[in-house]
Every structure is written in structure tokens, then in C-alpha cells.
Amino acid sequence: MQSDPQRRARGAQKIGEVLGQTPEQVERSLGDLAPQLETYVLETIYGEIYQSPALDARTRQIVTVTALATLGTAAPQLRTHIGGALRCGVAREELVEIMMQLAPFAGVAAAINGIAACREVFSAADKT
Amino acid sequence: MQSDPQRRARGAQKIGEVLGQTPEQVERSLGDLAPQLETYVLETIYGEIYQSPALDARTRQIVTVTALATLGTAAPQLRTHIGGALRCGVAREELVEIMMQLAPFAGVAAAINGIAACREVFSAADKT
Amino acid sequence: MQSDPQRRARGAQKIGEVLGQTPEQVERSLGDLAPQLETYVLETIYGEIYQSPALDARTRQIVTVTALATLGTAAPQLRTHIGGALRCGVAREELVEIMMQLAPFAGVAAAINGIAACREVFSAADKT
Amino acid sequence: MQSDPQRRARGAQKIGEVLGQTPEQVERSLGDLAPQLETYVLETIYGEIYQSPALDARTRQIVTVTALATLGTAAPQLRTHIGGALRCGVAREELVEIMMQLAPFAGVAAAINGIAACREVFSAADKT
Amino acid sequence: MQSDPQRRARGAQKIGEVLGQTPEQVERSLGDLAPQLETYVLETIYGEIYQSPALDARTRQIVTVTALATLGTAAPQLRTHIGGALRCGVAREELVEIMMQLAPFAGVAAAINGIAACREVFSAADKT
Amino acid sequence: MQSDPQRRARGAQKIGEVLGQTPEQVERSLGDLAPQLETYVLETIYGEIYQSPALDARTRQIVTVTALATLGTAAPQLRTHIGGALRCGVAREELVEIMMQLAPFAGVAAAINGIAACREVFSAADKT
């Protein structure tokens, strides 16, 4: 994938708003080895898909947190997006209830692991 | 699982509000063979979990649709809950954008199959 | 994979006992295109793994039915192994309760789809 | 979910029998943040679903261990339920053979990870 | 997602080469309801990700077929990409052996369902 | 499963070529507790399935790495087979691009976790 400066700027602003991350953080974790994946994350996901006004920021994070908790294979990404959900106005009680609602559909282990992820993110937020 | 009349009444009302189903529809699909699973669906899921005010009806359906589309193994349930989301005030454009948001997280096949499910549900709704 | 006549004979006898299938049925569904997969199914799975006395036939089928229902991506195989479970002495009520026990762990859609598979297999058995 | 004292008492007794856990252990891991999920685990899973006589305790644990090993996303829960299977009379050799039976159906990584979970639980049991 | 004419042209050419599809086919299946998903498929996947010379076309299709067969939830997409693999020079015998290699890693049902998908695609190709 | 000396010798040679492992390494991780799973891995997977000339070694490792990265539940096995892919002539740039190609099909978390696995394996290789 080729980088596009305008798209990159839009993505950088969006990832800041949603996750509180700087583009440098994405670069640091992916850019050395997989610059094309860095471009995909920053420019396609945050610079294109997240730009659509068809879902408000809050709902978009609820969808993302639900998808990652359901997969059960994305622990670091789940914690990052729980943090993003808090930034976008999802209340802690709502995040906990999302995990409860997942229990019958995605299985109780997904719910318990989701609560454990919430606990880590909430604790870290309380310390800052 | 043993049935509890009060819990059953609460579940019956809730499944009507959320999915537009009568308890008889759940009974017909499960009750002959698996009355305990019918009780679990009607009384635990709709009579207990869905009763909590910690998530509004709209958000709860967004979570459920997202979880089912991410799993990819629950086509009939996904269609039912897309219908439920419409009943609870989720707009068609939002449901489509939920599938778009799932594309990078749950994979493009989950998104395409989710759009196909939306198309079926929207068409059926247009005919009634 | 290379076929081994002794192993093949053991597998053929076992698949008859467990699933009531003849080796010709496996051959017909796989042998034209994928003889190595036919060998793997008949000789490795039924001629080697199923031969161990460490699990009785009944328990082995309970494990297999549970794994296939949990995966949710193997509908024809699930029906075949539900039939095998009946042959190996698992009662209909037990198969239904296995799906109930799966509901909280593998999700309610896995349980509902598992009950639908049971219904098909039980109905077919009633007609013969 | 609202707690029901009778159901809670039944669930507390059952989780003790099956997993050797006290209700306080469930409370400690979930009750601070997600009391409704604690209620679901203790009262619905152990106080309702596990109460049915349609499966004996041993078979129920075989089903649970198989489902969790197949999912592959529930490592702590898998270890807990392997311990529960031992308590309910499943032999170590049977647990190992369950993982072997899973290899062709759920994939060899599920089997290898299941054996690693068995090794941890068996070692911990040998030390007490 | 906003469409970009140059990227669209590149994607249209690539999807023709890889899958033998015209952009109109993607439009017809997605464009009415989900134009943003159509843009993602045509422009991001085929117009950006598939453009990289870091994998040859043949290898890229082997990866895609393997991923879809492993997921087990994408039957129509699996058939489409098996067809694409044939177009990109993967031999029928190789596709069958890919499914064989998947058997121990993704489970025998993924392999059997993958062979069934191969059979459908090969038969359709023989009729044209 | 019963061990067969010839098959074991073939498997031992193959696992050395593909993964650079000795049969003793497989024995050490599985043989104490699960000798039948050790036999399955060494003799069936490497002594039978891997023996077929229908896929060259390089392609076989691309398939295996793709399947394990798509599953997302097999982190140690993924690292082992990334190492095997390097031994079989898959370039680092190709492995990185395989993860990129997985992003739209298996989800971005599978791709990011796959890149993290590549980084670990490449770093370890640079130190030896």
C-alpha cells in the first residue's frame, strides 16, 4: 500500500480522537517491519472507514469492542479499544454490560475475559 | 432449567418488544425437543439479561448484531436480530455501516455476509 | 498419504461400528478428488486414533459431537456424528442436554443449531 | 440479572462439588465490577443448567472441557474445568485422550495446548 | 469511504486478472446497499493491498484460499478465490493438497468442506 | 496410535528439514503425557502428510503459517512454523506480506499479531 499524505493526516487526527494515540505509536509498533500494515491501519481504517458519519464515534467503538471481545484472539487490541470507547463517551457501566450481553451469544469465557480487560483498562485509567 | 412464571412473563414481553416474536414462536422451534433451552432463551436471555437498564434497547441490539456477524456461524440468528435492531430504532444505514466497520476487524467475508443478511431482512420488511 | 491394507481394514470396521458407514461411502465423497484425505479419514482417524481403548466409544462420540457443535462450521459432519453417538449408546436426551450445556460456553446459536441438527437426525431415524 | 437466594444456594453447592470453588472465589473475580455476570455464572450456569439430571457430572465436565479446548480462547477456564473433570471422576488418561480425539477435529494446536493445560493442572494437583 | 478514480481503475484491472470479475459484478452484489464496502473491496483490497509486488499472484491466492478455508464461515468467497487460484496458476492438485495440509491444522471438517468447494469449482470450470 | 519405526524415521527426517527440530524435542514436549499425540505429530503429520510431493516445502509452509495466523489461537505453533517457513526458503518480506494479505480476510488483529510473531522469530534468528 502506498501512503497518501492527506489520508494520513486525516487518519492521524482520527486515531488521536478515538484512541488518544499519536501516529508515532502506530509507526513504532508496525512501521519497522510492516510499513504497508501501518499504512492500512492509519490510513484505511482511521483515515477512510472511521471517517464516515454513518455511525457516531460512540457506536463505532461499541461495535469494535464487541467484535474484538467476540473473536477472543485479540487481547491487546481489545484493551486499546476499551480505552477508546471510554474516550468516545461509553460509560464503564455500559462496557461491563456489553460483556454481560456477550455472555449468552459469544460464550461466558468471552464475557469473563472481556471483564478482565475492562478491569485492567479502568485500573490504569484510575492511576493516571 | 425450571420455568418460573414471573420470569417467563417478563421474557415474553421483552422478546415481543425486541424481536416482535411471541413466546409461542420460541416454543415451536425449541420446546418439543429442548424445553430447557427454550427456558434459557425466553427466561434467562430475555427475562433476565435483557432486563437490565445498563444498556438501552438500541445499543443492546447493536452489540448482539455485531457479535453474531463476527461469529459468522449464526446466519438465522443474525437475520432475526437485524430485524430486532430495526424494531429498536437502529437505522438501515447504521446496520450497513456496522458491517462496514466489521470488515477490518472480523474480516471482509463477515462484512459481505452481514450485508447479505441485511438485504434479506430489509427486502422482507419492504414487502409487509 | 499412502494406504496401508491392515490399517484400512481396521478403519473400515471401526467406521462401520461408529457411524454405520461403509468405506465405500467415504471413498465416494472424497476418493475421486482427494484420495489422500480419504486415507487420512479412514485410516488415521478411524484406523488409528479411534482404536485406542483410552476412551470408550460412547465418550469418544460425546467429545466429537461437542467439538463439531462448538466449531459451528461443520453442519454435515455434526449430523453424521450425532447419528454415530446414537449408535454408540448416547441417548437422545443426553444429546439434547449436551447442546444445552454448550449454550453458556459456546454460545446460544451453537446450541440452537445443535438442536436443529439433532431434530433432523432423530426424524430421519424415526422414518427408517 | 437479579440474584435469587435459593438459586444462589443451589449454585454455590454445585460449584463446590464440580470445581471445588467457593462462591467467594467467583465473587472475588467478578463481583466488584460485574455482579450481574457473577450472578449469571453462579446462579444460571451452576444453579440452573448444571442442576439437570439429564447428564451425569462426569459427562457434563467432558462436554465442558471439550468445548473450551475447541474454542482455544479460554485458557484459564480450560484449566479450571480440567480440574473440575478430575473432581468428577474423569481419569487423567481420559483427559489426555480427549485432547488426542480433538486433534483431527479441532486442529493439532488445540490438542497440544490442551495437553499443556492438562500438564499444568496435573502438576499442581501432585503438589498439594 | 470515498472512491478514488485512479485507485478504482487499478482495482478493476486487478480483480479482472485475479478473479476474472468485472467491477460491475462487485457493484451488483454490494453497491446498492453498501457502496462503502464495494469501495473497500474494489479499491483497498484489489487497488491497494493486491498491488504490492512482495507476493506473486499465485502465492497471494494460496494465502487467501487457505485463510478462507480455515475460517470455515465464508463458503461463497472460498469458491470465488479457488477459481482465482486456478486463474493465477495454482494447479488443481495443489489446491487439493492445500486442503489436505489444512486437515491437521484447521480440522478435518475444514478440509472436507474445502474439497467440496474445489469439486464445485472444478466441475463448473469443466462445463464452460 | 501405535508407532511405526519406518514412518517415525521418515517423520524425524522431515521435521528436521522443515522445522530444524529433532524428534527428541517433540518427545520432550508431548511424550511424557501424550505419547499418542507425539506419534500423531511426528508420524502422521511429518511422516505421512508432509511426505506428499503435491506441494513443495515452501508452499506447504506458507499454507501452515497462514492457517495458524488465521486461527489466532496457536501462538507458539505460529512462531515455530514461521521459523520453518524461513528454513524452507520463504523470505522475511514474503512472511510480512502474508500477514498484510491476511488483514482484510482474517482481520487486522490476526495481521498485527502475525507481525509480532514474525518480529520475535526474526530477532531470535538475528541473535544466533
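Should a chain be cited, it is by its letter among A, B, C, D, E and F, assigned in written order, with residues numbered from 1 in that chain.
Going forward, a residue touches a chain if its C-beta (ideal position, glycine included) is under 8 Å from a C-beta of that chain, and two chains touch if they have at least 3 such contacts.
In this text the structure is predicted, and so the values were computed from the model without any measurement.
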item: Joint neighbours of chain E and chain D, given as chain labels; value: A, B, C, F
item: Smallest number of contact steps required from chain A to reach chain E; value: 1
item: Most widely separated chain from chain A, with each centre as the mean of CA atoms; value: C
item: Selected pair, greater C-beta contact count between D-F and A-C; value: D-F
item: Most distant chain from chain E, judged by the mean position of its C-alpha atoms; value: D
item: Whole-Å gap separating chain C and chain E, where each centre is the average of the chain's CA atoms; value: 31
item: Inter-chain centre distance, chain B versus chain D - centres from mean C-alpha coordinates, in Å; value: 28
item: Averaged-CA centre spacing for the pair chain B and chain A, given as whole angstrom; value: 24
item: Shared-contact residues (touching 2 or more other chains) in chain B; value: 1, 36, 40, 44-45, 49, 52, 54, 68, 71, 73, 96-97, 100, 103-109
item: Residues on chain E engaged by chain D in the complex (per definition of touch); value: 103-109
item: Of all residues in chain B, those that touch chain E in their complex; value: 71-73, 96-97, 99-100, 103, 107-113, 115, 118-119, 122
item: List of chain C residues in touch with chain E within their complex; value: 1, 29-30, 33-34, 36-37, 40-41, 45, 68, 71, 73-74, 77
item: Residues of chain E touching chain A in the complex; value: 1-2, 36, 40, 44, 48-49, 51-52, 54
item: Complex contact set, residues of chain E against chain F; value: 40, 44-45, 49, 52, 54-55, 59-60, 62-64, 66-68, 70-71, 93-94, 96-98, 100-106
